[in-house]
Amino acid sequence: MSAALETVIGLEVHVELSTKSKMFCGCLNEFGADPNTHVCPVCLGMPGTLPVINKRAVEFLCKAGFALECTVAPFSKFDRKNYFYPDMPKNYQISQYDMPLTTGGRVVLPSGKAIRLNRIHLEEDTGKNVHAGGHMTTSEATLIDYNRAGVPLMEIVSEPEIGSPDEAEQYLMVLRDVMLYIGVSDVKMHEGSLRCDANVSIRPLGTKELGTKTEIKNMNSFKSVVAALEHEISRQHACVASGERIVQETRGWDEVRGLTYSMRSKEQAHDYRYFPDPDLPPLSLDEATLASWRSELPELPAQRRERFITQYGIPQYDANVLTQSRFDADYFEAVASASGDPKQASNWLMGDVRKSLEAHGLTLSTSKMTPAALGELISMVKGGAITGRAAKEVCDVLVAAGGDPKAIVEQRGLAQVSDESAIVAIVDKVIAAQAESVAAYKGGKAKALDFIVGQVMRESRGRANVDVVKRLLMERLG
Amino acid sequence: METGHEIREAIARRDRSAEEVTRAALDAIGRVEPSLRAYITLLPERALAKAREVDAKIAKGEPVGKLAGVPTAVKDLFCLKDALTTCGSKILANFKPPFSSTVVERLDSADAVIVGKTNMDEFAMGSSCENSAFFPTRNPYDLEGVPGGSSGGSASTVGARSVPLAVGTDTGGSIREPASFCNIVGVKPTYGRVSRYGMIAFASSLDQAGPMTADVRDAADLLGAIAGFDPMDSTSVDVPVPDYGVGLRDDLKGVRIGIVRDFEDSIAVDPKMAKLYKDAYEDLRKLGATFVDVTLPHAKYGLATYYLIAPAECSSNLARYDGTRYGVRVDGDADVYAMFDKTRTAGFGDEVKRRIVLGTYALCSGYYDAYYVRAQKVRTLMKHDFDTAFAACDVIACPAVSCPPFELGAKSDPVAMYLMDYFTIPMSLAGIPAMSVPGGFVDGLPVGLQICAPAFEEARMLAVAHAYEQATRHAAKLQPVVS
Amino acid sequence: MADVPIDIAYISRLARISLTGEESSRFSAQFARLFDFIRELQALDVSGVHATAQVIPLSNVMREDELKPCLTQDEALANAPAREGPFFKAPRILE
């Protein structure tokens, strides 16, 4: 890539809201049902039917707006976006054009860089076209499932301030975390509940004016967003290098071939003819309603991260990891409180717990280990009831099967042994067996002692009190 | 056939059964239908089943609805579950909705007997019923004449005295003009007074359902049955529905009636019409009313305003008819857009296409502000005109139409047809209630007097119309030519 | 009769209606007459006047997030001009 050019990316992110019912009718809002079973006359766009706004969807959007520091508009309305497409029951989409529910706001990336938002607006999702025989243009027919038609959708539009595909990915991750935290969407990109279009352009470094942009569609995972953007940026660089003009157009991302392609639509003339939907009175939400919605917001990832660092004294990296999901952060706080030792709670969750979870293919939310159990385990280590080494074994059992740490220790005979008479025998046995190391230690290699301690611990199945072991060894080896 | 309230009382007294009444109505319709063709679909089985249900309730002494046993027709744009609902269009020639409109549900719960679905101008666009995709309907007072439109079938069947009650819809005059042409009462309520749910949309910000009836009392009863807030229609208004029948008056003492000075030149064009309205105002005066001159300075912009707003909304509302989910499809050879094009080109009639094209244009980027937004601003001015006028008067009396019923085919020029709504459009744009009540005859044909009132003052409007009707009894002076 | 600035071919394509040449020229002539009225609107001073989108002003009309019964699949598809199994069926999309 030429060093003299910089990348400018703006993202339009569509997030399906996890309301019970659809945006404008009482049909169940649920992914994965049999085709055309979550439909009614309203979301099928039958003649004479009318939309009625789902209050919860408005609430969810406002909450997302609060979380992203947006301003809720004092007056907002719904408009019709008119165009023909077979997955649109009415051949217009109810959306918001010039008076969206929120304006402004920002998404703060982990790096500290803030990407400003232009707006968040509320609209209805379309149905889904299934192309019989595979690809859209080669298939014999279009088969349509309207279950998704009318699902509430919020569109989060950023300013063109994202500087790289990496930043785009971070932006999406922050958005995902926030949406999960506030519980307005399950943001599953593979199920389409988070979808993303990107506007991409390049321009000489340091200039203000935006270059000709292309719009990239069909990216259906965080990975494909990065790959598509990388491809598109290098394509634009190549255009510039060869003196070719970049054409303003919509380009699709071909996951299989790993490239973007022009989506010239010769059939569709695009003039959306927006006008206020005469079926829907405007929204003018009162302060009391907004205040009560705002008060229901949980602490957000960024705030919580800061608090973890200052309140618990844990490292920034740990705080980042622990606050990624609201469940994990809640879990950490419960363990910290149960154990009375936040630093140890963090160490365990970042270290041994994570390892065990990965080994068993689990997450904190799917594991049977309770925060109370982990907290107790940490207390037991601190109180000398078990050694750190034995605790790793208990932890693995807890992660895999849950249970009470005391019972597991008892059952497995893992209690720490501090009784000298019991340890002496092992110490003597190891000294006898490890003559070479003993000689090395006596010859001045201090490190050899660690090895000998380790052997004693191993011999005791991790139960021996390590301080007692060390003292006994020192006594014997001088 | 008598009025709806007479029938209802006879059934309540058990002088006659609802079934007898229904059979009589179906017979009456059957006799005149070959000459009038007021119905797209008749529902004799549904009607008789409902009548028997009413009779059973009465036999058991159970309470019955306000319209118990009264034969009622509905315009064919009210969705009625599992019954053909065409909106007068080929594109919906086979459509059987899986749900009923709120108006139909309220008629059912008022125990009205729905006898059939009436002919109309396609998608309610027209003023003569000639734009029906199926056949024209005739005027029961002149078989060569049109019944008016778009609610022509409803007007014709009530005018022929086949049934006492019908429901129509009015966007720019589609209840009032046919009511005038067919010697009946037609009421366009305040916008938002009656739910639009399940009523196939033409222009959403203007469409409003209302009664078309034998007399004012019937209109009051029918309006009371169908009016009121509906959670399925966000534009329906949550204000209480009074018992409209209670306030009907027999005199007009103390009533201040506004006369629109801006309409005088238009009325004067036809001396016979001018005479009729002069006489009508005189009759109002005799009842004790006082007159106030009012002005509606923006009324003259009504036609232009209406023909930007209504087509714009219609172009969007009618986009859904694409041959995919319901209705009649015409397959294209190439792809889905060819199918859309062929379906819509074959499915819509001339007037509908004209308005879709006009409305699409009015909403296009670059023109939207100049046309649609400007029209909405003029709409604001028109609303202010009425607010100012009603500060000085209780109701306004003015012509409903500029002429008596005309002959089929007489108005082939669409703009001439649009001008038929000259006196009715301003009230539609302002959203206020307005009605036509029989006002006399010109060349032996019926002409209606229009009464309008401030928003949600239907009771006041009906009270004035009732006093006028009782004093003049114009409707009874002329009998239909078929019966 | 002044001419009308409508590109009927473009507009009818947006509206997905195919007009014949005869229809296009007839509509044009009729629109020209209507625009005689519409031009009077253009002459009216509407500065400072707000646009009425809804004539009876309402706001915040919303419903609770509650479920209502859906149609059955067969009811949903009963009016479909063409269906294939549980789907509505339309011709393919050529882009």
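For reference, chains read A, B and C in written order, and residue numbers begin at 1 within each chain.
Everything below uses one rule, namely that a contact is a pair of C-beta atoms (placed from the backbone, for glycine too) under 8 Å apart; a residue touches a chain by one contact, two chains touch by 3 or more.
In this text, all values refer to a predicted model and were calculated from it rather than measured experimentally.
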{"item": "Chain centroid nearest the full-protein CA centroid", "value": "C"}
{"item": "Comparison of A-B and A-C by number of C-beta pairs in contact, larger one", "value": "A-C"}
{"item": "Gap in Å, rounded to a whole number, between the CA centres of subunit C and subunit B", "value": "22"}
{"item": "Whole-Å gap between the CA centroids of subunit A and subunit B", "value": "56"}
{"item": "Mean-CA-position distance for subunit C and subunit A (Å)", "value": "41"}
{"item": "Junction residues of subunit C - those touching two or more other chains", "value": "14, 16, 53-54, 58, 61, 63, 71, 76, 88, 90-94"}
{"item": "For subunit A, residues that touch 2 or more chains besides their own", "value": "41, 44, 52-53, 84, 86, 142, 144, 146, 267, 271, 273, 278, 280-281"}
{"item": "Overlap residues in subunit B, where contacts from two or more other chains coincide", "value": "95, 97-98, 205, 231, 234-235, 315, 319, 322, 324-326, 335-337, 340, 360, 364"}
{"item": "Complex interface listing, subunit C residues touching subunit B", "value": "5-6, 8, 11-12, 14-19, 23, 27, 30-31, 33-34, 37-38, 40-42, 44, 46, 49-56, 58, 61, 63, 71, 75-76, 78-82, 88, 90-94"}
{"item": "Subunit C to subunit A touching residues, read off their complex", "value": "10, 13-14, 16, 53-54, 57-73, 76-77, 84-95"}
{"item": "Subunit C partner contacts - residues on subunit B that touch it in the complex", "value": "94-98, 190-192, 205, 231, 234-235, 237, 298, 300-301, 303-305, 307-308, 315, 319, 322-329, 331-332, 334-342, 344-345, 348, 350, 353-354, 356-358, 360-361, 364, 367, 370-371, 373-381, 383, 413-415, 418, 429-431, 455"}
{"item": "Parts of subunit A lying in touch with subunit B, wherever the complex brings them together", "value": "41, 44-53, 80, 82, 84, 86, 89-92, 142, 144, 146, 267-268, 271-275, 278-281"}
{"item": "Subunit A contact footprint on subunit B (complex, rising order)", "value": "77-79, 85, 87, 92, 95, 97-99, 101, 196-201, 203-205, 231-235, 312-313, 315-316, 319-322, 324-326, 335-337, 340, 360, 363-365, 368, 372"}
